[in-house]
Structure formats: structure tokens, C-alpha cells
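Chains: A, B, C, D, E and F, in written order; residue numbering restarts at 1 for each.
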């Protein structure tokens, strides 16, 4: 009747272990985060989500730090406690200083404020933004 | 009984004009966006919001482009049509290429997905994120 | 394959007409808003929603104007275009001046900003708020 | 100055007890959930909400399990911790297996991702969806 | 400086055409929806999103209709206009009657209401939901 | 790698102390809330946010109680636990009785329900709301 606990490596089957191993290798960590241990209850979603994350968060036109800060900004906006903690840690690991975090939070706060000002005042989109 | 239209420069009083002038000077634009023309119905909020935005969006530990992309990521997450249009334009003006926008959207999409996976699986915060 | 249009009074059956009649009588209006004409596709939800709204929005410890402004504040936060338009009109009809609307928007904007600052800085609840 | 605690059956007046009794009878449970004990501070909302829930969650064109899963999907999207716990339990009681929960979460995650992709890319609605 | 338009099949390169062809084959449609034509600006996200959607929305422990209704419930909650239109059409195509849609909407509405009642009354999670 | 703790008055520099002093003087409190102690990690945001809050929450066309209830309604809608606790306390301090809180919650709940009904039924805005 209740939510399920984490699946640890020692209790995981071969499919799950393969994903866990790839996460540990890619991120150079001893153990995977709780997120993956809980997702392991659905091995198909575990594999698909990890492969998507690995592809999306790899450096490209945007570097890893910028991507982690965007991730964090979304998580703060959604109020996802776990995601703020985990991607806050990831962004700091990727080089976000406390000053950068402070500026990020200032932008996130202002964006959430002005989004509502635009909604409430029913501001029409400027022609200049369309072409 | 209805929402109010924009206040144009020619119809604005001295307080509003002072803000409009500062926006035009700071951003090097001919005219201010609709957002400011609608906000002008409340000159106190107009002034406070502009001064906050000017301070928050100025280059600091984060450059203007990173700040605009964070702003855009929040606006996309909130589904604010006006804000997506205006800050999409601002981010492009600050140097966001279409490839960068594509990667930003991929991160925003994944963050919105995994935020819900973390919520729904009720994942507890790892001790490692706390210390 | 598409969404359904409004159900007008002349095309409505007796159950729907009974609700429409009560809305018109209670609100002293010639015709009901589109919201009710669309909801009429599900007469059970139409009746339940109208009876809830009538009960919830009636004057009590809070007057009608305060209730409409709270309704509007939520609708602005959720970015529901229809709801902002209809409850903006209702609040104005109940006595909300443009100055009051400006102050309401300023509060809604700040609340949406500080909600994210509290989330992002992971601020723990003060003991004083609990007892 | 603080939030109020639960109202237990032994401390409840006749109006509240009547609702609690109906919940216990309808759901065949020994005691009502915390949700109802907290809502009891406002007996009018308690009664209205229970009657709406009883009507809305009764089997109809959709069976109870489907309704509980839709409820859970919304609660996960909103990040309401209490609601995820209570309607997760209710959906499991109504027959949701862990495999079904996994697939539900996968759909909820993808919907939250693609909602943002549609917003951010500003995709116009296809004519085919309108007629 | 503006948002990009759709990429039509005739203008698409081989990678994009391969995805479009798979969508058309899988869904038995003449042309792909606007969503995919806009996503085609980022072929990596186009391919990853389509493959995820195809996997997640395939029949499993939940049938296609249930999955589409869950998708629609999330889209309504998020207020994503495009997604409500497209997944409303998809759910109707998969067999959702207007009566079923009405019941779905009633559940979605109640869930959004009670999510806030639980938040606002700060209801603690019942021990029974945890074990 | 972790989130930062509160900055207490004794450890704060002159800039932070000046804001803390102004909060204590304005609100007639012995100590500032955790919110300000956490925000103090970014003194620029601390100062800007406090000055905005002081201006926005001062009595005007709307009294302090109405403003606090609007703030609370937004915080409940966003599911911000800290904000619900702190602005619930502030609203009670400003005169909100438990009956008023109950009515506020009823309105917030209904607004969140009907916002989704309007979204999902794709209700067009009535001409009467526009002029």
C-alpha cells in the first residue's frame, strides 16, 4: 500500500546493474544517487531516463555548468525539493560559486515575478518578437 | 470592466517617462516593450520592477547570456507566452544560437520530466547533498 | 475529434437550463459566461461546480471583493487566461479599482518571486511559525 | 499564530461527525485520513469537498482505478506530497500494480517534458485538432 | 531574432525524414503534427523525444487510452494549450467518449482543488500511507 | 557541496546588519525570520527583496490584511511550504481569523479547480470581458 524503497546494487538484477555501472563510470562516483535507486523499480524508465540525461547533459554548444544551472533554475521554479538538492550539488561540483548561485536565484526570482506581471496585465506579444 | 491597454510615451506623465527613458538608454532601443507600457498603469511597480531587472540582469559573476537563458528556462517552465517570446528574443540578441536554444530546451524538458519522477517516486534527499 | 463548442440556452435540456437560470438570477445577468456553456457538456460537473462556486463566493467572514481578488491572484499565478479575464472583470465589478489591481499584482508578483527564493535557498520553517 | 492540528472524532461536533461517518461508511475504513481531520476546521468546506469527491470518484464511464490514477498523475505534477502519498495508496488499493505505477510515472514524466517543449518552441495548434 | 517556423518533410534532411517516416508509419498518419515539425530544429531532441514517446505510449500494463488520458490530465493541469489540443484529439481517437472526458475533467479539477487544500492546511502524511 | 545555513546577526557584516535592523524596526520583532538569514548569503538580493517587500506590503489602496491573504493564496497555490507557514502566521497576526482562513482556502481551492476546467474545456474569452 506504500511507496517503495531504494533498490541497492547488491539486490539489483543484471539490467539494473548495467545502468548503475554506466552511471558510476560516467560520473566517476562510488555509488548512484537515491533517484536512480528508486527509479530502478521500473527498469525501462531507469534505462531511458539515464540515457536521455547522459545525452542531454553532455557538453555541447552549452557547457556542463550552464546546463546544470538551467536544470537548477527549473527545479527551483517547480519547487522539487530533491531536484534542488541534487542539482544544486551538481552545479556546485561543476563550478558554480555561491556568488553565481546568488545571481541565479535573483534571476529565477525575478522571472517568476515578471511572468505573473505579464500574465496578469495580459500583455500582448510585441510584433518585434515575432519577426 | 476590462483590462487596460498600453500607455504610450506621448500619454505618459513625468514619472513614467523617466523610467521609459532609462529603459531606452540602458537597452539602446527606440521604444520600450509592451510589458513596460502595461505595467505603467502602476507607476510604483513599473519603477521598482525596472530597477530590479536592471540590477539583476546586469553582468556579474554570470554573464548576460547565461542570465537570459536562465530567465527563458523559467518562462518556458511556467508557460508564460509573453515571457517566452520576449526573453527568447533577448537571449538570441545576447548571443544564443539556435543550437544553444535547442540544448536549453532539451535541459528544460528533462528537468521538468525528472522533477516529476523524483516527486512521484518520493525519493528522499541523499545524505551526500546535505553536507 | 475536436473540443466541443458552447451549449446555448435554447439548445440546453431542463437540467442545464435550471443551472443557467440560477446563475442568471443569482448574478443578475442576461446570459451566462462561456465557462458555464462549455461545462454544460457535463451536466453533473456543471451543477456541482456552480453550487460550489455559489457557496464559496457568497459574502461571509470575507466580503465578495476580497474573495474575487484572491481568486484573481490564484488565476494570475496559474497563468489561466480565461480565468484572469473573467475574474478580473468580476473583481472590477465588485469594486476593485485600477490602483487596487496594481497593488494586487505587485503582491502576486512578489509572492511568486519570494516563493522561489525560499525554495531555492532551502529555508527551514522558523519554530515561531509552528507554535 | 500557527496552523491548526487535526480534529478527532471524539472532539467533533454533530455536523463534522456526520461527514466523518459517511466517509467511513462509504470507504469502509475505521478512521478518516488526516486530510478530513484538518479540513474539519471549516465544516462547510469539509462537507462540500467530501460530497464532491464522493460524486466525482464514484465509478462511471471511468472505473475507480482509472480515476485514482488520473488523480495521482495530477498530484505528482503539482508536487503535492500529501496527495501523492494518499492517492498513491488509494490507487494501489484500487488495483494499481507497481508495473502500472511505473508506466503511469513514465507518462507523467514525458507529458511534463513535452508540455515544455511545446511551450518553448511555441508550436501552433494544428488545424486538424480544431475540427 | 524570432522563433522558428515548422520544418516540412520536403525541406528536411535524411535524419529528420527518418524520424518523420517512423512517426507516420507508427501512427498511420499522412503527415506529422506541428510539434514534430518544430522540434526538427534540434534533430537530436526530435529523435530522442520521439523514441521516448513511442516507448512510453505503447500499450503495456496500461492500455493506450488510459495513457492518453493521463497525458491529457497532466497537460490540463499545466495549462499547455497545444498539448491539451493534441492529446485531447489523441485520447478521443483512442476511444475517449465525451462522457469519459467529462469525468476526467471532474477528477482533474478536484485533484487541483484538494492538492491546495492539503498544502494550505499543512496536512501531515498519515502513518498508514507509509507502511 | 551543500546548501548554506543561516547567517546570524552576530556573524553579519554592516550591510546585512543594516537590512536586519530595518526589518526588526519595521516589523517590531526581536529577530528576523530564517528567510532573511538565508538570503543574507547574497546581500544585494537581501537588500533589494526587503525593500521591495517593504514597499509592496505597506498599506495602500489595499490594507495589510488583504495583502497578506493574497500572498498566502499564491503561496498555497505554488505549494511553497515555508511561505505558507510564514505568511499564514503574518496573515493571522494582521487579523485573519480561522473562519477567514477557511474561506480563503475554499476560494483558493475552487480557483485551482476552475482554472483547470477552463483550460481543459478550452473555453474562449467572452467578448464582454474584453470591453
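Just a few scattered comments:
Everything that follows uses one rule, which is that contacts are C-beta pairs under 8 Å (C-beta built on N, C-alpha and C of every residue); 3 or more make two chains touch, one makes a residue touch a chain.
Owing to the predicted nature of the structure, the values given are computational and were not obtained by experimental measurement.
Fitting chain D to chain F on C-alpha positions gives a rotation angle of 120 degrees, to the nearest 5. Repeating the B-D interface with over half of its contact pairs identical by residue number, the matching pair from E-F, C-F or B-E is E-F. If you average the Cα atoms of chain A and of chain D, the two centres end up 27 Å apart. The centroid of the Cα atoms in chain A and the matching centroid in chain B are 21 Å apart. The distance from the centre of chain A to the centre of chain C, with each centre set as the mean of the Cα atoms, comes to 34 Å.
Residue positions 1-4, 41, 44-45, 48-49, 52, 56, 77-81, 85, 88-89, 99, 102-103, 105-106, 108-110, 112-115, 117, 119, 121-122, 128-130 of chain E are each in touch with at least two other chains. Within the complex formed with chain C, the chain F residues making contact are 3-4, 33-35, 38-39, 41, 45, 49, 52-53, 56-57, 60-62, 66-67, 69-71, 73-75, 77-78, 80-83, 85-89, 97, 99-100, 102-104, 106-115, 117-119, 121-126, 128-130.
By the touch criterion stated above, chain E contacts chain C in their complex at residues 79, 85, 88-89, 92-93, 98-99, 101-103, 105-106, 109. On the side of chain F, the complex with chain A involves touching residues 1-4, 41-42, 44-45, 48-49, 78-80.
The residues of chain E lying in touch with chain A in their complex are 1-3, 44, 48, 52, 55-56, 128-131.
Those residues of chain F that touch chain E in the shared complex are 72, 76-77, 79, 81, 84-85, 105, 108-110, 112-117, 119-122.
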